[in-house]
Amino acid sequence: MTSYSKGAPVADELAGLAGLLYELGLLKRYRRTGWLVAGVRDPESIADHSFRAAVIASVIAVLEGADPERAAFMSLFHDTQETRTTDVPHLAKRYLTTTPNERVTEDQVRGLPEPVAAMLRGAVGEYEEKTTPEAVCARDADKLECLIQAVEYREQGHQNVQPWIDTSLAALQTPSAKRLADEALRTGSLTWLPRALNGGHAAH
Amino acid sequence: MTSYSKGAPVADELAGLAGLLYELGLLKRYRRTGWLVAGVRDPESIADHSFRAAVIASVIAVLEGADPERAAFMSLFHDTQETRTTDVPHLAKRYLTTTPNERVTEDQVRGLPEPVAAMLRGAVGEYEEKTTPEAVCARDADKLECLIQAVEYREQGHQNVQPWIDTSLAALQTPSAKRLADEALRTGSLTWLPRALNGGHAAH
Amino acid sequence: MTSYSKGAPVADELAGLAGLLYELGLLKRYRRTGWLVAGVRDPESIADHSFRAAVIASVIAVLEGADPERAAFMSLFHDTQETRTTDVPHLAKRYLTTTPNERVTEDQVRGLPEPVAAMLRGAVGEYEEKTTPEAVCARDADKLECLIQAVEYREQGHQNVQPWIDTSLAALQTPSAKRLADEALRTGSLTWLPRALNGGHAAH
Amino acid sequence: MTSYSKGAPVADELAGLAGLLYELGLLKRYRRTGWLVAGVRDPESIADHSFRAAVIASVIAVLEGADPERAAFMSLFHDTQETRTTDVPHLAKRYLTTTPNERVTEDQVRGLPEPVAAMLRGAVGEYEEKTTPEAVCARDADKLECLIQAVEYREQGHQNVQPWIDTSLAALQTPSAKRLADEALRTGSLTWLPRALNGGHAAH
Amino acid sequence: MTSYSKGAPVADELAGLAGLLYELGLLKRYRRTGWLVAGVRDPESIADHSFRAAVIASVIAVLEGADPERAAFMSLFHDTQETRTTDVPHLAKRYLTTTPNERVTEDQVRGLPEPVAAMLRGAVGEYEEKTTPEAVCARDADKLECLIQAVEYREQGHQNVQPWIDTSLAALQTPSAKRLADEALRTGSLTWLPRALNGGHAAH
Amino acid sequence: MTSYSKGAPVADELAGLAGLLYELGLLKRYRRTGWLVAGVRDPESIADHSFRAAVIASVIAVLEGADPERAAFMSLFHDTQETRTTDVPHLAKRYLTTTPNERVTEDQVRGLPEPVAAMLRGAVGEYEEKTTPEAVCARDADKLECLIQAVEYREQGHQNVQPWIDTSLAALQTPSAKRLADEALRTGSLTWLPRALNGGHAAH
């Protein structure tokens, strides 16, 4: 798919690539800041969130007739700038002027082999433009993942997550995401378990 | 891309989809068992691992001239069976007979809208067959991610991670993954940081 | 009580014994998997559970006129196979075929001095046969401990533990365990504290 | 073994028993204080320690020709007073005058059915008298468990645990505990794993 | 303000000072014991509590017309003895005879430069005497901080914190602390957030 | 000391004050971001840091002949803006334009009784101006606290903290802080313990 396969990365490019993989390890250590505000002691990582968001993006995309692999791919990278910006919570946005994600990504891909750089730039750029069906699905996935996590925290006892549910729900664009959100709110985080124990058939 | 877009999921299908998203939440709570063996008190989640593995898969795929989105997509789902099987550590495999991942996935997609089910079956099946270039890249990504995490844990003080490094390294198939592993071992988890502070240019 | 006291363990046996003690350290790091399913972020260890189960076994045994030391002793070892099998949750049993605990223990005691091996084999074998009064008490202790822990998690906010309470309660065999379960459900995890502050006398 | 089996506990006794089981749950939440001094962020619980100490007591007792069930039984209860006294670290003993453990236990068993109370009093009393072979084995188990945990923490990176190793080693009384300690120090926490992967046979 | 500025500390004094700063690091690792009793898995540190208590002391002092810096200063040191005594929970006070805090501090300042020693002795002595307005404010701050933390834990799901609220409330002495407690109970831990998002103006 | 004592706060002011105390609770939940970069899994809170920084500020101030209460008071508030801005790590400062701390504090005190507002404004303003001796001591305390914590993390195994030590050391201004830093680096985090066990006298 690219002409890149003609040659291996040179030494500096290899260092850049290894550095990128270590840099993204920060997303496994950084926590989602909003949950700390909501009172969660040791919340999910940004990587945790991004993982399920990517899966959700693919599901929404299928239901919406969009390309699920592309939607998932964008979701995978949608918060990767946070290794450099951290996860800035809602309130902090009144006090911090942020750099556009495309420019952060530009810094992150400096020195990488051009095909890798182009791949990341492309995914981030399309996500930030918010126009392709896949970008819309990926953005809905970000919100729906947050809503579902909020329900899970609520079932763990946390009483302050309602604003995260409301805000996420209100931001959804696609009919499929809205239906999934309603269903997630109507049921709960362990409704699937008796079905699974029953072999996937509806419980009687 | 599918004929599915003709209609929204029926009620049972919606319940199945919401259930799937909650089920995958388990991967945010389940820890990677091997690290507990190695002595890590509260290690990364399976979702943490899957997130970076998917990114790595895309990078390896680009370098190998394979399709990065497909490779990342397979990586995303490569451990999703572990909601039902848990992450069985090496030693436990002497004592537990496992079900093939394809069959676990078959149970997981029961009752889902067929396009979603087909998407998951397809990703898992290709990954388990280990034949397409993308599957090979995704499998290497799983190993390389483990190696990189082991280095990170070693830098945090853990002295028992060498077997995880050795095993992961020995399992790599693609030249690109091997080069990245060598580079990751040669440098370390924070080598990228001074470069980043310097705007992406090599430090002097 | 054994003819073993004639001689100290030989070098290989010593290595085996030290290895056993380190191996059981895994039970302090492995978490009880079911609670992760229920939504507990960082639940009790298997060792935590086994400790209280052993105490409970002795209490039930006294009440039932059985040998409390034997019941506690079996409880102590009732999950020791999980260093090799992990704590397989309910759902995973559909997908994993397990090895009988007696055979796992057989591997664990290989190379140990025979009196130690016999002691472990004996405790595990009797527990798994489920016939002696002490084995019945120890098995009830396992369930009652789970129920009590579920109540404690419920008081910490967790709303999904009811199935663990129901299942544990339904599995109890002895009248004493049933009475203790009813009382534990009727009261709560801190009812004892005002009494203790009052010197052990009932509060007025 | 007791005349108690003639009748079920009366209501107040039942409340006392359920209270005891909840009270001992504190040992699953209380951490071993010394490790906090040594720099461990979230160390093992008192229950974690008591579990492995009880197993170790049985092993030492077998090797010493003592009764392993009795030794384990005493170990199980050797720190149960800490629900009321907490785990007082070495330095704090200069500042806090403690109550003898037998008297704490006396308060803990007040209102319990007499056979249960007698069982606990007996175990604690014998442990505190330090004269029977089983008590000596149980006391050595407490120290050896601490030493082994210190080695585990050292392998996790902690550099301040040597005093805990030295003090534990110096306190051991029985030849078997001393041999096990030497072996534990000579090997390490994961030496058993390759042997276990090899089916219990010595690695080549 | 002191004649101390004439000379730098001698070597032993420097060692003492560095030792003091490391010793106080224990307050960042020690947890507040009462919350473990209440069921909180990994509660706040003593340093966490002392920080907000000091801020609260200054606020109460301003409202009461007392010296806020002096009140905050005493609060800062009000639990520093716990590096040596640990945080003894209510129940443990039946079993442990404690040393007066002034005498613990006396040990802590031994070998320090006299001006530093005098500063710590003065703050602790005044706090323990409970007579100056600033000491009364600082003592109220200790209680009010506990009440506010209890409300926060309650909103995180913990159902057993009411006794901590009741006891703290009943112990308050100053009108300002009582008013603040009533207001804290009337509102909740995130009422301030919409106001802050609205720029500090009351929400409409 | 203020004319404020003439009257109690009005309702809106009370709401503002309670809100402030809850808002500062965020500093107990927010972690110090730099340590996450360095690889610490669950690092100290901002409140943890602020507590010890305030103590250190008072010690430095005494040694420097400045007012220790004022220095400690400024330290207490030196990171309170981070409830609104989060703890922005070094790298993020390339991407986020921050608001001056004085302006953040201005928002935080809006609606508070004027004497409280003035107190906070005063402490923050003086700290940010960096000119008074007490402000210099408080700023050194911030750096020295970071250095000491880095040493503690290094002793816990973390191998990536050297840049935090170097940067902190280089930023120190006062002779006393420099001497304390040298001594802290020369000794280590538990050197004080044998002395304390020995009653405060130098060990032999």
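When the chains are written out, they are named A, B, C, D, E and F in that same order, and each has its own residue count from 1.
Going forward, contacts are C-beta pairs under 8 Å (C-beta built on N, C-alpha and C of every residue); 3 or more make two chains touch, one makes a residue touch a chain.
Please read these numbers as outputs of a predicted model, since none were measured by experiment.
Participant: Which chains contact both chain D and chain F?
Facilitator: A chain counts here if it touches both chain D and chain F, which gives B, E.
Participant: Need the graph distance between chain A and chain D over the touch network, please.
Facilitator: Minimal hop count between chain A and chain D: 2.
Participant: Among the listed pairs D-E, A-B or A-E, choose the one whose interface is a repeat of D-F, with over half of the contact pairs the same by residue number.
Facilitator: A-E
Participant: Determine, using the mean of C-alpha atoms as each chain's centre, which chain is farthest from chain E.
Facilitator: Of all the other chains, the one whose centre lies farthest from chain E is B.
Participant: State the chain with the largest centre-to-centre distance from chain C, centres being mean CA positions.
Facilitator: The chain lying farthest from chain C is F.
Participant: Rounded to the nearest whole Å, what is the centre-to-centre distance of chain E and chain F, using the mean of the C-alpha atoms as each centre?
Facilitator: One centre to the other, that is 16 Å.
Participant: Measure off the straight-line distance from the CA centroid of chain B to the CA centroid of chain C, and report it in whole Å.
Facilitator: 34
Participant: Centroid from C-alpha atoms only, then distance chain C to chain F, rounded to Å. What do you get?
Facilitator: Using C-alpha averages as centres, the distance is 46 Å.
Participant: Considering chain D alone, which of its residues make contact with at least two other chains?
Facilitator: 37, 39, 41-42, 84, 91, 94, 107, 152, 156-158, 189-190, 196, 199
Participant: Got a list of which chains touch which?
Facilitator: Between chains, contact exists in these pairs: A-B, A-C, A-E, A-F, B-C, B-D, B-F, C-D, C-E, D-E, D-F, E-F.
Participant: Could you please specify the touching residues of chain D with respect to chain C in the complex?
Facilitator: 1-2, 4-5, 8-9, 12, 14-15, 17-25, 27-28, 44-45, 47-48, 50-52, 54-56, 58-59, 62-70, 72-73, 76-77, 80, 84, 107-108, 110-111, 113, 115-116, 119, 144, 148-149, 152, 175-176, 179-180, 183-184, 187-192, 195-196, 199-202
Participant: Residue numbers of chain D touching chain B in their complex, please.
Facilitator: So the residues of chain D touching chain B come out as 41-42, 152, 155-158, 189-190, 193, 196-197, 199.
Participant: Once bound in the complex, which stretches of chain E touch chain D?
Facilitator: 26, 29-31, 33, 36-37, 39, 41-42, 81, 84-86, 88-89, 91-92, 94-99, 104, 107
Participant: Which residues of chain C touch chain A in the complex?
Facilitator: Those residues of chain C that touch chain A are 37-42, 90-91, 94, 156-160.
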